[in-house]
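Should a chain be cited, it is by its letter among A, B, C and D, assigned in written order, with residues numbered from 1 in that chain.
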Amino acid sequence: MSTADLSVGDPRVGDLRVGVVGAGAMGADHVRRISRTITGATVSAVVEPDAGRRATAIELAPGATGYVRLEDALAAGAVDAVLIATPGRFHEPVLLPALDAGLPILCEKPLTQDPESSWRVLEAEQATGKHLIQVGFMRRFDREYALLRDLIAEKSAGELLMLHAAHRNATVPDSYTQDMLITDSVVHEFDVVPWLAGSTIRTVEVRYGRRNRLTPAHLREPILVLMELDNGVLVDVEMNVSVQFGYQVATEAVFEKGIARIGQPSGLQLWQDATFRIGDHADFTTRFREAYDLQVQAWVDAAKQGAIAGPSAWDGFKVAVACQAGVAALKTAGPVALDLPPVPSFYADAAHPAAATV
Amino acid sequence: MSTADLSVGDPRVGDLRVGVVGAGAMGADHVRRISRTITGATVSAVVEPDAGRRATAIELAPGATGYVRLEDALAAGAVDAVLIATPGRFHEPVLLPALDAGLPILCEKPLTQDPESSWRVLEAEQATGKHLIQVGFMRRFDREYALLRDLIAEKSAGELLMLHAAHRNATVPDSYTQDMLITDSVVHEFDVVPWLAGSTIRTVEVRYGRRNRLTPAHLREPILVLMELDNGVLVDVEMNVSVQFGYQVATEAVFEKGIARIGQPSGLQLWQDATFRIGDHADFTTRFREAYDLQVQAWVDAAKQGAIAGPSAWDGFKVAVACQAGVAALKTAGPVALDLPPVPSFYADAAHPAAATV
Amino acid sequence: MSTADLSVGDPRVGDLRVGVVGAGAMGADHVRRISRTITGATVSAVVEPDAGRRATAIELAPGATGYVRLEDALAAGAVDAVLIATPGRFHEPVLLPALDAGLPILCEKPLTQDPESSWRVLEAEQATGKHLIQVGFMRRFDREYALLRDLIAEKSAGELLMLHAAHRNATVPDSYTQDMLITDSVVHEFDVVPWLAGSTIRTVEVRYGRRNRLTPAHLREPILVLMELDNGVLVDVEMNVSVQFGYQVATEAVFEKGIARIGQPSGLQLWQDATFRIGDHADFTTRFREAYDLQVQAWVDAAKQGAIAGPSAWDGFKVAVACQAGVAALKTAGPVALDLPPVPSFYADAAHPAAATV
Amino acid sequence: MSTADLSVGDPRVGDLRVGVVGAGAMGADHVRRISRTITGATVSAVVEPDAGRRATAIELAPGATGYVRLEDALAAGAVDAVLIATPGRFHEPVLLPALDAGLPILCEKPLTQDPESSWRVLEAEQATGKHLIQVGFMRRFDREYALLRDLIAEKSAGELLMLHAAHRNATVPDSYTQDMLITDSVVHEFDVVPWLAGSTIRTVEVRYGRRNRLTPAHLREPILVLMELDNGVLVDVEMNVSVQFGYQVATEAVFEKGIARIGQPSGLQLWQDATFRIGDHADFTTRFREAYDLQVQAWVDAAKQGAIAGPSAWDGFKVAVACQAGVAALKTAGPVALDLPPVPSFYADAAHPAAATV
């Protein structure tokens, strides 16, 4: 089946047959999501070298076949589209054959781990003549982020002047490295900030707060990441991975005529033991549960039309450039400039796709 | 296909073929929901006498066939399950043939419009020997209601003592009658209050607030509905259908050691024009959007196992009895007692089903 | 010094010499307040039969002289005004000589403990030809109550239709009686509700919630008190004296075009241990601290001009009538009508004094 | 009357006779406050060269005498203490004769306009052998700031790691200069941040957000001010003087185990026109009204004991040094170090005075 054959508006005919590559926690969650939560797609293949993980994921998608290598699934004609959920260092070797096969791809963030490999992916995509890659920055599908982007775009509060953001995790495992503050965590801001602000990051700087003694011994955090955008907007992000109390991703936007804030507590309110309380999130699985569902649904719907509905490969490349600058900024005093090449004409119109419809 | 044949855990084999009866606004929304939002089911039949509505609904579910009468769809072997979304006065004539066919049923609230017809439905269901009917009180699938029910059940704040509720609509059409304050609106509280409190309504009383001059001329509201439960809990509900500002459904629970509140504003916060603001809901379609999705998904999943996953026909009967008392209370000073027969043994264990897993 | 001699606008000349009658917790607090917090007054006499209490209070007001009986202080010409903070059953015997002396009076709530004695006080005040008595319902001086009253009066959200109130104490001592639910606690609502709503209470009814097992053995509460006002507004008040968690006095007002709420948590916000928290009040001393200060300041300022600046003796009489009905309602099914005589012409214009300027 | 003569605990004997120097808006407000709001003090002198202002202020304090120069009031023996509310550039010429006279002084912020003149004031104070000067940084007397300081000091949420602050004004007049962003506005943070964090500012840096087109033409703002403290805490302050919507001063504190926030909206809540709303402050006069009252009361109480109860002259000097660095930072890339001399032994113990008791 080719995506071009799909009848528009016929949701039951032509479920998109998705090959999920990587069956760790994130991949297995996507298998469950495609099988049980979203519509219009089935998991037809699970590509995972580890036999145990592969079997576990296939239990969530009984019609699926297991493979060790994506190439085998492609050769079998088993997939209409590919969802990549391997560790980031394995993205390029999966992206390239999937592009070769001309298939729609949803690639978990990051696109790849450095600008050079991301650039190779851009070249491979351009060679296909189609926009096949959507990168899994799911915040664009969160309802509050979408409302904030609308508020910025409609200018009812005037122009955006500053953004203050905070990304707080309760804890991280010992395997989490100092660079991952940038490449695993701030990476989300590198995508969503330009999407919100309608501009590009020009410089990145890192400042250190007092060290949290509860963080793993090899980490120095929290940090404050400063970004200057091309349009003059100044952004600061508190990146904090040991705040103990729970999970919080919040943004405050400063406009010419007002202030907006997203990511604040909501839900059941309780007065007990002399306090008023609202439970907050423990981790991203509840905070962004709906965003993940909406993201994959939007991708499936677009893929069936030969399109993408989210961050492009160019967006992924720009994030890779920002991460490179951010990692350098961890060890540099003052702002580090991003070394961005001109946008290839192939990506020129897609540099700032419209807000996801949620 | 009989529901007994469905393989557990095989979500792709055996999509439940649902016949949606009634294709007005609510029915069409269910067609869209089954076709596009939930998984494991397809709309195979749209039963609707109005040709225009029928055609519009079928466009949302291309594989579906249109019928004028449910009996024709049943005779054609076209449906595994029935979702009833007709006006309430047509529920009984649809419920009875669907029960005759032994099919799982999701019946929009109310079950029927009076205790007598609801009792006939109970008898017909008992004759099948199976619990086939789930009634569409979707609040049980709202996450905050579920959290409140858990808090009541776990008794961490002590026993529940009182409930204060408010159900506020911006406006209602001129076709909305005084009795509908009870049968169309408070009806939700008649189901959800016993479910929350783990007890049965003993009396209903209506008190009148000062009349809102902005309500249709034939209405006298807002009203305050008082309920006494068997376990001594006292409940008051402000029912208000002309509050102009938006839509709000909120409950405050008084415990021995604290207070809980659900249904409060959340989302993007904005400071502008000298005020701090949060947008609130305009109507039930956004307030309970997720609850509707979860409800239908739970019903589909349960129906494939030959079970229900929500309010039973007995729950629906009790609500009919409460509505009868509530309508009487609109014209009566003081509490009106509910005239509830003993629970038939067939329903005895299912009187207070466990909280929906959300 | 006579109040008539006081020069307007000369705050340093002519401090009002106040005799405080009753030096229990409330009286001593007023001595401290007059001496240390408000301006334009001094405590010149402490009238208290208990020698220990008397001495303790005088330490807070070094210039004051101690007396056992008010009459002795009056005979000594020691006071320009009287603040009565004795238990309610001793109010009448203090009010009458103070009125005889023609002095301004701030009388802690209630005016007296029953309508008959309150009527005698009204007669005595009328005999003086002056409005000398202000009753200490301090809620009228709370900023949020004042904002709510302004909102009701200006009608920007339309007419007031309903009020929902809650008065919650953590605990009460064993000496607190069932009647005190009305006479000590709901008594505040009997004053502030007519003041907010610009109308008079017509009936009072009491409904019982499930009993809190943590309340003293002789109490049956929480209760829900329903009031019908002359203008059609319906009021419900949850009166709860064992809610354990803290102290809360809150009101929700239902308007034709919106909803308003006062008495909600504020102050430092804390995220810790998986929750968002705001500390709430432990008791009335912090919740209404500022209101007490503003009340006494307003009384002092008015007394120096020969006026009152708060609830009048007639307001106090009406509350006594409401309390009588409320106590009856504790043991009566259905609404109990208030037996209010016509307002004496002496009080006709002062029945609904303007909002305190805060 | 010398302050040493005042009897402790005798609030009526020995009102502190205050000379208020400067009768502009701030000075007149202090005259009103001392005359009408706080206790234990009277305004005995108003020192103001402008005859109109002087007369207006004296109307608020009828017992006061007007003077053109402080020296004349001192020569007349008319004052026990001095409150300085002139423009900052006139502080030194008032402070020096007041110190010469050995009188307690409450000096509105800043102490003086540069470190050199502040140092001269320190020398003059040391020459008196007494701590006579309290600087008017009133935030230390705000209840929420005090709660936050307590939370930091008690370490129940672990050590403080970062502070995020925002200081937002609706508008400023055309006379407001770029340097005043630092010297008139951020100056408050230069005092309160070290007081909160228990540490000293080491560097100041200024970053620019996108310029607000609604700000006066000669201003470039909002700005983000970054401070590094000696204990490693990193501080960022959004300074914004054209945000149009109202007045907001808020701080978020990042701890090892949680987050705290002060300065959030509170008060009457209103649902109308599809939004939930809370009114916010229009300017500092309501936001810090109580703090001003508590500050002056604490100063009066302390002055009568020969002490201060707030920021010392050394605190004022440190702020002058921080302002000098901050003004330089407006035109400098990267952090500007503060050039702080060692603390004179005279001030060593008072460098971080205990939290004001509020």
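By our rule, a residue touches a chain if its C-beta (ideal position, glycine included) is under 8 Å from a C-beta of that chain, and two chains touch if they have at least 3 such contacts.
The structure presented is a predicted model; accordingly, all values stated were derived computationally and were not measured.
Remark: among chain pairs A-C and A-D, A-D carries the greater number of C-beta contacts.
Among the remaining chains, the Cα-based centre furthest from that of chain A is the centre of C.
Rounded to whole angstrom, the centroid-to-centroid distance between chain A and chain C, based on C-alpha atoms, equals 59 Å.
Chain geometry summary: the mean Cα position of chain A and that of chain D are 46 Å apart.
Touching two or more other chains at once are residues 244-245, 248, 257-259, 271-273 of chain C. The residues of chain B lying in touch with chain C in their complex are 158-162, 164, 166, 168, 207-214, 222, 224, 226, 231-234, 236, 238, 240, 242-245, 248, 254-259, 333-334. Interface residues of chain D facing chain B in the complex, by the touch rule stated above, are 244-246, 248, 265, 271-280, 282. Listed in rising order, the residues of chain A touching chain B in the complex are 9-13, 35-40, 42, 59, 61-63, 143-144, 147-148, 151, 157, 257-262, 264, 266-273.
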